[in-house]
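Order as written gives the chain letters A, B, C and D; numbering starts at 1 within each chain.
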Amino acid sequence: MAGSSFGKAFIVSTFGESHGSGIGVVIDGCPAGLNIDQEFIQSQLDRRKPGQSHISTPRSEKDKLQILSGVLNDISTGAPIAIWIGNFDQHSQDYDHIKQAFRPSHADYTYFQKYGLRDHRGGGRSSARETAARVAAGSIAALLCRHFGITILGYVSSIGNIALTKYVFECTLDKVDQTPVRCPDLELAKLMEKNIIEAKEKGDSLGGNIHCIIEGVKPGLGEPVFDRLEADLAKAMLSINAVKAFEIGSGFAGTTQYGSEHNDPFTTTEDGSVRTTSNNSGGVQGGISNGMPIYFRVGFKPTSTILQSQQSINEKGEAITIEGKGRHDPCVVPRAVPIVESMAALVIADHVLRNRTSRLDIML
Amino acid sequence: MAGSSFGKAFIVSTFGESHGSGIGVVIDGCPAGLNIDQEFIQSQLDRRKPGQSHISTPRSEKDKLQILSGVLNDISTGAPIAIWIGNFDQHSQDYDHIKQAFRPSHADYTYFQKYGLRDHRGGGRSSARETAARVAAGSIAALLCRHFGITILGYVSSIGNIALTKYVFECTLDKVDQTPVRCPDLELAKLMEKNIIEAKEKGDSLGGNIHCIIEGVKPGLGEPVFDRLEADLAKAMLSINAVKAFEIGSGFAGTTQYGSEHNDPFTTTEDGSVRTTSNNSGGVQGGISNGMPIYFRVGFKPTSTILQSQQSINEKGEAITIEGKGRHDPCVVPRAVPIVESMAALVIADHVLRNRTSRLDIML
Amino acid sequence: MAGSSFGKAFIVSTFGESHGSGIGVVIDGCPAGLNIDQEFIQSQLDRRKPGQSHISTPRSEKDKLQILSGVLNDISTGAPIAIWIGNFDQHSQDYDHIKQAFRPSHADYTYFQKYGLRDHRGGGRSSARETAARVAAGSIAALLCRHFGITILGYVSSIGNIALTKYVFECTLDKVDQTPVRCPDLELAKLMEKNIIEAKEKGDSLGGNIHCIIEGVKPGLGEPVFDRLEADLAKAMLSINAVKAFEIGSGFAGTTQYGSEHNDPFTTTEDGSVRTTSNNSGGVQGGISNGMPIYFRVGFKPTSTILQSQQSINEKGEAITIEGKGRHDPCVVPRAVPIVESMAALVIADHVLRNRTSRLDIML
Amino acid sequence: MAGSSFGKAFIVSTFGESHGSGIGVVIDGCPAGLNIDQEFIQSQLDRRKPGQSHISTPRSEKDKLQILSGVLNDISTGAPIAIWIGNFDQHSQDYDHIKQAFRPSHADYTYFQKYGLRDHRGGGRSSARETAARVAAGSIAALLCRHFGITILGYVSSIGNIALTKYVFECTLDKVDQTPVRCPDLELAKLMEKNIIEAKEKGDSLGGNIHCIIEGVKPGLGEPVFDRLEADLAKAMLSINAVKAFEIGSGFAGTTQYGSEHNDPFTTTEDGSVRTTSNNSGGVQGGISNGMPIYFRVGFKPTSTILQSQQSINEKGEAITIEGKGRHDPCVVPRAVPIVESMAALVIADHVLRNRTSRLDIML
C-alpha cells in the first residue's frame, strides 16, 4: 500500500532517508546460486554518487556498499539480500532555513499534506539519495539479467536543448563514460558540459533525456494485459525523481506515422531465427518481448533545487522568499544513467523470473 | 504474476477473449455504499465500442453491461463486483487466413513464443476488446472518484500530424463528444476526420494522442517511492494496446527548460487555499498530488491492422504475404478516450483508498 | 485488500453471492498447455453440492460448470480462466423472516458492522455456496498438481464424537466415497450417518473433522519465513466457512512429546532416495516439503443454521426469537471434503509454480 | 513470491541470518504520527531473547534494537521503518560438526533441496533468531493496536503434559511474567519449570501450547472470503518455527458439540452495546470480528535441537550419528509468548488499516 516495494518475483523494498543514518534495500526473490559481483555493484553506485566530477554537486557521499544478508562467499543463498549504504556527509543544518518553507516543485508541501508532518532534513524519502538503494538492488538484477545473456545500457541523449537526434545502438559502457556527461557523441558531450557549467554559474539547473537499450531479451517476456513489459518499464522510469516522460520504440513521433510505415515486418534470418526488418515497436509487441532490442527514452525535468531566490509560502501560508543555499547539482541527468539502467534491470529480472511459469510444455 | 490484475486497494482483474463467449472483470475492494450508476457505465462502454460512427469499424458489438455480483438495489455491497459483457458479432472465420501467420506488429508471434500455442481468433487477450472490461471497471472507479469531487476528462489532441498545440483546460464532455473524433477544437476535428477517412480509403491506419485532465484531487494522493501517482498513471496508460508514450505536466518539452523557469511557485489564494502560479509539475510533486489539476498526454501508434498486403512469416518461418481482410478500424484513438479516462480513474480511486491509512491524526 | 483473492503465482479470485445470479472464479497464472478435464472439475463440484444424499440438505443446486475464458479445445491458453456457476434453486423469500435479525453465529451482525448494510438473502458472500467457486478453481489446481505427480485426498475423520483415532494413509477416492459421510472406515461411517440423521430429526447440527493427505510432493516446496507450506495450508483451511482448527503432522498431540521421540530420523532407502523413518513433521520441515507425505486435520464447528428456535436481537438491538425455517443441512462436513482438497490443491499448485524461481542452477 | 513479507497494508519484510552480522525488518505502511515507544519494543525483544533465565539457553544475545529509518523524534514519519538487531554471540564453529549432516527435523535437508546450497551456520533463515525481527515489527504493530484500544496478551498454557484446562481471561502481563515459564497459574508454572529442567538434564526438549487473547477489537475487522481474521491469524501462527497446530474459539473440542450448544446468542447490554452470551466463535464470525474477545491456542512441537546422539544421513546420503553439541534451549515455548503476541499484532494492525476502506458512509 505504501509503495516502497517494486516487483512481483524479484521484489525490492527500499528504506532510509537522505539525512538519517543511511539508506538500504531488501531484495526478496533473488534465486540461489547467483554470483554477487560486489565490484560491479559498487561501480554502479559510484556512477550515481554526487561529486564524481566538476559538473556535479561538491557533496561527496561515500556510498559504500555493505551486504547485510543473503550472500555467502559471494553467492546468493536464496535468502533476502539486504544492502546498507551509510550516510556520511550530511549537513542537516543546511536545511534549517527551509524548515517551515515549501520549496517550489519539491515534495515539501505534498509530504506535509500526506503525513501531517515533515522530515525537512534534505527531503527525507523524496531525496534522490533513495535512488542509491535502487542502484544497489538494480545492479544485482543486472547480474541476474547478465546470467541470461541480457545487457542494459543507458546514456544521456540530451541536456537542455542539446540533443542527439537518434538512438545510438552501437554503444558501449566505455563510450558512454568517456565524458562526465555520459553522452557517447563527444561533440555534443562538450556542448552539454558547457551548458551545465553555465547553468551552475547562474545557480540554475537543467534537465535532459536518457536513452536506454536492452539487448539479448528472448521472446516471451512480459504479461499480456496490465503488466506489459512497456507498462512496467514506464512505471519504473516515472518512479524516478524528476522524470516526467517516457516513450518506447517510435514513441510520440510514431503517432504521426501511417500503419503501413510503422508496422515491423517479420523475416527469417539465415540462421533460422526470427527478427523484424524495422523495430518501431521497440522490441515489444502486445506487451511481450519479440527478441529485438528494447529501447526507450526517459525525460528528466530540470532539478528543483536552484541557488536563485524564489517566491513561495511557509507552513502558515505566508508569502516568503527562499534564498538558494547549500550544495547544488545543476544537472542530475548524467548521474541518473545508472538509475535508469537499474530500474530497467529490476523490470527485466522480474519478468525473467515471472515468465518461468507461463508454459507447461517447457517446465521440467 | 500473470498480470491480469491492477491496483492495490481498488483491485480489478479482467478475463475473457475477443472471440470467446464474452469478456468480464471483477472489482475487489470497492467500498460498500457506492451508488452504481449503470447508465453512466453503459455510456462509457458505448463511447468505446466499435461502429459508433462512420470513421470507425463497421463491427457493431453490443457491449451490453451485465452486473453479476456485488451490487444490490444499485448500491455496492462491499462484495466483489463482477461485470460481464457478452460477445455477439464474432466472425472467427475472418481470422482463418492468418491462423498460421504472424501479422506484423501484432501479438501473434510474441504470444506464440510465450505460451507455446496461440488463440488466433482475433488476438485473444491481445485484442482491444479486453479494454471494454477496463472501461466497465474504470467507470465504477470514476463514480467513486466523483463521490470525492474528482473529475476525469480526456480528449483527442492529435491524429496523425494534425495536432492541438496546448492542453484545453476549459473543456467539457459535451465539447469533446460533439464530433466523432473527440477533439474539442472543431476546426482541427474536421481535419482529423478527413485524415481518418483518407487513411480508411487507402486501407491504412493512423495514430494520435490523447490528453487527459484530472481535477479536484486533494493534496496527498500517491506514494513517495515506487507508487508515485505519475508512475502508476504511466503504467496504466502504457498497459493500453498501442500506447507507446506518456508524459505528465511539462513532459519532454520541459526537459529543455531551466529550473528557474520550470519551478512552480507556491502562493496562497484569497480563500486561504494553496496553489501554484504555474503548473509545470502537472499536479504531482514528489509523486504526490499537490491539489492542482493533473494533466498528461498519451501517444498511440497507428493500429497494426491494415487492409494492405504485407510481408511476414508463418509459424514455420516461411516468408508469406498477408492480404488485408476483415473489418478494420483506421484509427482507434477517438474510441480510446474512455479507455484512458477509465485507466486514470482506476489509478486515482486506488490512491484515494490507499491514502486513507497514511496519517494517524485524521483516522477516527 | 478486500481479500477475495488467494495465491501469489496461481491466483484465484472468487465473486458472486448465494442468492444472486450465480458465483464465479477467475484463475490468473495457470500455465498454458494444461489439459482442463471438465469431467473431473464437475465431479468435484458434484461432491460438494447440496442434496447429494439423504443426509444432506434437500436443496438441489445444479452447480453446472461453465468455462468462460482461458481454455481452447480443453487446453489452458495462459489467459485467465474464468468459471461461472449459475444459481438456480434460490428461495430468497426463505430469508425474509430474518431480514432484520442477526442469526446466532452467522455473519449477519459482523457484515452489517463492516459494510453498514446487509445482503440478507442467504448470507451473501458468507454463504458456503461461495466454496463452489473454490472447488472449481481448486480442481484445476489439482489437475496441475497431478501433472507433477501430486495427489491430494481428504476424508471425514470424525462427526460429533464418533472419530477415527489415526490417519488412514492407505486410502483411495473409491473408499472415501463408498458412503455419503465420506469416512473410509465403514463401521464408523454407519455410526456417523446415524448421528447425522438423529441431529437432523432434532433440527440440530453437527461438526466434525477432515483429514487430508498429499502425496508425491518433491522436496523443496514452501518458502522459509512467512509463506511456509504449513502456514499457507493453515490459512487456506481456516478460510473455509465453519473451520476453527488446523493441525499438521503430530499437531497438538505432538506438543506433549519429547524432542527425542518427535524428531524424524533421516535414512536412505535402497533406491538411494532420502526419507524419514517417522513422519511427525507431516512432510514439512522449516516450512518446506521434505518429500514425505503431507497430512493435516481440519476441524469444523457444527453448522450455525439449525431448525430450533433461538434467542437473538434485531438491527435495532431488540431481543427477538428466531424460528428455524428453510432448508437445512445438519452436517456439512462430508460435503466439505472436496473443499478441503481444493484449497490444499490451490496451495500446492501455487508453491509448485513459485518454486520454479528458487535455484539458478536448475533454470534453463 | 519468496515469502519474506507479511501483511497487505501494514507490510513487514524480514531479512538476516542467525550467524550473519544481524537481522532486520522493514515495515512499510505504518501511518505517520504513531508514537514509537522504543522501551516497549525492547522489552518485548528481551522477553524473546535467549538466556533470560535458568530454564533457557545460556546464549546471551544482546538483541539491542536499532531504528534505522522512518522515525523522527520518536514519531513515525510515514516512511518505511527499518530496524536492525546486530548479532554478537555467534559461535559459528559450533556448527562445523554438522556442516555436511542433515539434522533430524531441522530445515537442513529441505533448504538444501530448495536452494541447492546451504548456509549451515546455525540454520540461516530457519533459525528462531529470525523471529526477533518479527517481535520488533510486531511491537510497533502492537503500539498501533493500542492506539485503537486493542490489547494482545499471550501466556503459556501447557508444557509437555502439564496443561491449563481453560483460557484465563482475567490475566495481565504481570501475572504472566511472574515466572520464567510465563504460565499465569503458579502451581502449574512450578510443575512446568520442573519438567523443563528435567528435560534439560537429559539433553532432551519439550513442546507446549500458548494461549493468546485479543481484547478491544471493534466489530468489522477481517475480510469475508480468503482473508478472514482467523485465516490470517492461523497463517501468522503456523509461520512461527515449531508451530504445528492452531485453533480459535472452541477449536477442535467444539467440533464434537451440537449447533444448539455451540451457537452464541446475541444480546444487548444495559449500555446498549451488542455482545454474545457465550463466545464459542472466539470473537470472529464469518471471518469478521464481532467485538467479543478473540482467543486462540497455538501448539509448539518440542525443539528439534537436542543434546542426545541421533541417527541421520549426510549430504552424500551416508548414515551418520550426530552428537548433540553446542548451546541448547530445552523448551522455547516461554520465549515464544512475545512472538505469538507480535504475529497477532501484525494481523490485527493490518486489518485495522485494511478496514478503513470498507464503508463509504463513514469515510470523510
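In the analysis below, contacts are C-beta pairs under 8 Å (C-beta built on N, C-alpha and C of every residue); 3 or more make two chains touch, one makes a residue touch a chain.
These figures come from a predicted structure and were not determined experimentally.
Rotation angle, chain A onto chain B, C-alpha superposition: 180 degrees, expressed as a multiple of 5. When the C-beta pairs in contact are tallied for B-C and for B-D, the bigger tally goes to B-C. Shared residue numbers account for over half of those found at the interface formed by chain A and chain D, and the copies are therefore classed as meeting with the same residues. Averaging Cα coordinates per chain places chain A and chain B 26 Å apart. Centre-to-centre separation of chain B and chain C, using mean CA positions: 39 Å. Averaged C-alpha coordinates put the centre of chain B at 45 Å from the centre of chain D.
In chain C, 1-5, 8-9, 14, 29, 32-33, 78-79, 111, 114-116, 125, 224, 353, 357-359, 361-362 are the positions where the chain touches two or more neighbouring chains simultaneously. Of all residues in chain D, only 1-6, 8-9, 14, 102, 104-107, 109-111, 113-116, 123, 125-126, 130, 158, 160-161, 199, 204-209, 218-220, 222-228, 230-239, 241, 243-252, 254-268, 272, 274, 276, 280-282, 284-291, 297, 299-306, 308, 310-313, 317-319, 354-355, 357-359, 361-362 touch chain C in the complex they form. Residues 1, 9, 29, 31-34, 76, 78-79, 144, 147, 224, 353, 356-364 of chain D are the ones touching chain B in the complex. Partner chain B is touched in their complex by these residues of chain C: 1-5, 8-9, 11, 13-17, 20-24, 26, 28-29, 32-33, 68-70, 72, 75, 77-82, 84, 111, 114-117, 119, 124-125, 353.
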